[in-house]
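Look at the two complexes coming up: chain A is in both, with chain B in one and chain C in the other.
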Partner chain A sequence: MTRTKTSGEKQLWPFETVGTKVNGWVDDLGAVGIFLLRAFIMVFRAKQLPSIVQQVYYIGARSAPVVMLVGLFTGMVLGLQLYYTLVKFGSTGALGSAIALSLIRELGPVLTAIMITARAGSSMTTEIGIQRISEQIDALYTMRIDSLRYLVSPRIAASIISFPLLTAFFDIIGILGGYLTGVVLLGLDAGSYFYRVETSVEIDDITGGFVKAVVFAIIVSTICCFQGYFTHMRTDAHGAKSVGLSTTSAVVLSCVLILISDYVVTSLLL
Partner chain B sequence: MKKYSHETVVGAFVVIGLVAIAYMTVKLGNVSLLGDDSYSLYAEFSSVSGLRVGNPVEIFGMEVGKVEGFRMDQEKQQVVVDLKIKTGIDIYDDAIASVKTAGLIGDKYVSIDPGGSDELLKPGDFILDTQSPIDLGDLIGKYAFGDIKKDGGETKGEEE
Partner chain C sequence: MEDELIEFKNVTKRFGKRTVLDNVGLRIFDGDVTTIIGKSGTGKSVLLKHIIGLLAPTEGTILFRGKPVYEMDRKEFDAYRSQFSYCFQNNALFDSLTVFGNIALPLQQTTRMGKKEIETRVVQKMEQLEVADVSDKYPSQLSGGMQKRVALARALVTDPKIVLFDEPTTGQDPIRKNAILSMIAHNQKRFGFTTIMISHDIPDVFYISNRILILYDGKIIFQGTYRELERLQHPMVDEYISSLKGFEKEFLTPVSDGEAFGLSGKDVKIAEKKDTVIVAVLTLDELDALTEKLGQKRTDEILQSLGEYLNRHFGDVGISNRMAKNRFAVIFNHMDAKRVESMVEAFTRELREQGLGEAHPDTGGLIDSGKTVSLAVRVGLAEASPKENIQVTADKARSREKVIARFFCARCET
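Showing the complex of A and B:
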């Protein structure tokens, strides 16, 4: 979101642009923070359950086939790549551990979050954005319905519920995918594959993965809803174009922040 | 798609998701299966290098317990290892506990030769005969620098 130039005083160009930009980011950060806080508090008000269930359907249940498909192929390609690398060290027995740990710790939460962003995040932004530009949110305001509670809170709650569940699907199907390539295709020992999976995965890895999934859920839903909700305040376009730009920013920003927060959460957990 | 209402699908989704999470937590997270039907034995080692809490305890290669914890005995200059053994496994008082490595560069585990004397070790007893882990680096160093006597003479080692 660009800002209008300050008038008058002579300012050196690098400092002005950098300063304005940074100020803009800090303002946006604060706005997102307040947005998240208000919407999150509204989750616990009455009568949210039907809308939360509805959103879990759209965000969670309908993303499940995509997530499982991506999980299957991620596991299969991991099995393939890791096998050919481990064969050089003679440690193909470690395939089970390698696949399980990389999926549960990193790839599961991150790839699930990215897939759901692409599917449900973009639709959240567009839906709320169009409701904004067609003034439906103003109509809600005139009916004294809090649009934040009505539109945004169910989506945030549904994301927090769905992301960990879908991450679990991804992990399990990914491990099965690794089994398909490693054991069925490349002839590894089935018993040692699952034995390695069971012994090398610890409870800390699993909880870490789910903590990440929840963090990603909050980030994705907040950013996508925020971009859609404030699409009318974009200074670079109006109407339909602004919805398009908001959706693009929302998805790109969500993906970038998923990866950045992945690093931060990982370094905090380790 | 009015055949299945949205609620049903969501319900199924959440249930399957929770089952998946539960499966991962229980099966993969190594939730302890020993629990109450186990008893503690202690063993003193002069070194437990590489041994960690949770490493298995094996008798004749079969896992019968886990390493529960470590304690330092500073008077005797030894480490007291708390071993949790499954109830029903008999270990006698002439048992030997040794720290071994699974494979050449693997996880450490405690191997117990249960012994054959008449006296059974009771919960809380000490295994007196212990063997600390073999330090591979030390061994290779000794061989390379000619400390190990072979056939009555010294090994070649480095040319002096």
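Showing the complex of A and C:
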């Protein structure tokens, strides 16, 4: 028999709702933390290298073309936009510096992470989610294979390796894209462009960009694997639909967290 | 006395407010084929998952050889789990791995075996379960029956002491269901593992089970042998008996091709290599009349007894299967007609000497037909030509059937 709520209890419903939500988020945060910790420790277990290499191929090598394409056009757009801005101040000579610093410090790590999330992160969630709903993860348990070690750890390790490498590709191709618009199309001096790039970029800028890439790698791989791994725990859907919703959640959450953590890491680095 | 392997003591499992297992107490013995039956949604899979540790009980204790499972330390629990294999209802094969990859996975991940040793063991297991031809294929490229064999190969490659089967025949046609059950029975005898199985295939599953557990409304209402089940007075048992009528109807649906025997393409290919294959068809006569006069359970026991004779005599050299409720087919791939005939003679001799369960051999003496029922077993042999449909060969064998043994048994007293 259900008890009817008193008027006092009815007035408390907003607090109850918010409290329940916050409790849920804290629970999830704790679960993600433990998930990451356990999976990360298992990266260093035996027999992981072949799986990690395979995942580097899927997450890294196969994402390279799309990341480089995006890098090229990002650099070209930056070249155009910054040229017409700098021309107003008579500082077109600073185009190389502006493009290189924007890409290395900010756009390279962020856009690379978002592109990998869209390409590889979504497939991580889907693949693990399908393995969950088709009892393949339970089958691993019955075979005494740790599913975190077998499915999650190689993906986290491969992401940590691939994100900085792809970010570096993105930065280099982006700088070349800026060269195409600034030098080839708009007629700036090639020597001056590369001189500005070389003199303005410091090792701290590059390190900062790589730190961001590693942070994004951990966030994206953990969120995407977590969403797939616990797709069966969703209360809003079951089966194939739950995998679809988990994939959407993983991509959205990863992108949001990339931008939030970008701000946090930038504040800490500066 | 049999060794007690697993014991559930007052095990209760709740999911939220829903109680799935309610104070369950059961015992499973070493070396037995134990079958858990019960209606859908009564918690059979939940029960099985408790045994292997996929689920933990809300209340109660699970003992393994007298030791509480959930009080074991990590090492003991790992050693406990290493004795099990689990065949999932939907096979749970890794769809991104080939058949070879699937079977090799537990060895690659949980042992220190070298690449060559793993390959040898996997190939051996694939050959034993007749999936070697499809080692490079992916699970989605295989038929349901073939996937089941791959799942069984994966479960057996680690040489487990206990194999758990969760509804191994779900989604299979009636004939293939029997192919899978006989495959389990055959391999259980061959490899000697303890089997715990969930099945709805009544009465066929009784033929291969030493013990039966019935789960009803989250409780175990029966555990014992098939004979003991006869004495159980419970609406559930009556429901099963009445369902047999439907089963029989389903079973006697005509079959149309070789696949209907539950045989893989591989089985027939062996025949092609050998140019010929011998098919023996065995029929227990007048099944309907027998059922009417002896009752369903006694008739089933006689059929079970015939099935056991078949397995004993031909299990190692042929592939035996049920074509219909009262008819069995045995396919001999590697033997010539003379050898098969001499084996059938030995089989006939034993039948005539030992009888068929409670049916005694009819040696031609005076029998009171008012108090007894007569029955006969017929056998027909046929040789298949290369590439001939196996069903055609079976039909040929049926047309050549002759009575090899007659029996009698007491009528029901009613």
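As a working rule, the second predicted complex is superposed on the first by the 259 of 270 C-alpha atoms of A that agree within 3 Å, B and C clash if a C-alpha of one lies under 4 Å from a C-alpha of the other, contacts with A are read in each partner's own complex, and residues count from 1 in each chain.
The rule is simple: a residue touches a chain if its C-beta (ideal position, glycine included) is under 8 Å from a C-beta of that chain, and two chains touch if they have at least 3 such contacts.
Remember, it's a predicted structure, so these values are computed and weren't measured experimentally.
Shared-chain residue A:Glu135: touches chain C; no touch with chain B.
In the superposed model, A:Ala168 makes contact with chain B only, not with chain C.
When the two structures are aligned on the shared chain, A:Phe210 is found in touch with chain B, with no touch to chain C. By the touch criterion defined above, A:Glu198 lies against chain B but remains apart from chain C after alignment on the C-alpha atoms of chain A.
In the superposition on chain A, A:Tyr57 makes contact with chain B only, while chain C stays out of contact range. Contact comparison for chain A: of chain B and chain C, B touches the greater number of residues. Within the superposed three-chain model, A:Lys47 lies in touch with chain C and out of touch with chain B [touch as defined at top]. Of the two partner chains placed around the shared chain by superposition, neither chain B nor chain C is touched by A:Asp27.
Judged by the touch definition given at the top, the superposed model places A:Ala100 against chain B, while chain C stays out of reach.
Those residues of chain B that touch chain A in the shared complex are 6-7, 9-10, 12-14, 16-18, 20-21, 23-25, 27-31.
Across the interface of their complex, chain A is touched by residues 52-54, 78, 81-82, 84-86, 88, 90, 92-96, 105-106, 108-110, 154, 158 of chain C. Contact residues of chain A toward chain C in the complex are 47, 127, 131, 134-136, 138-139, 141-145, 150. Contacts from chain A toward chain B in the complex involve residues 53-54, 56-57, 60-61, 64, 100, 104, 161-162, 164-166, 168-169, 171-172, 197-199, 201-203, 206, 210.
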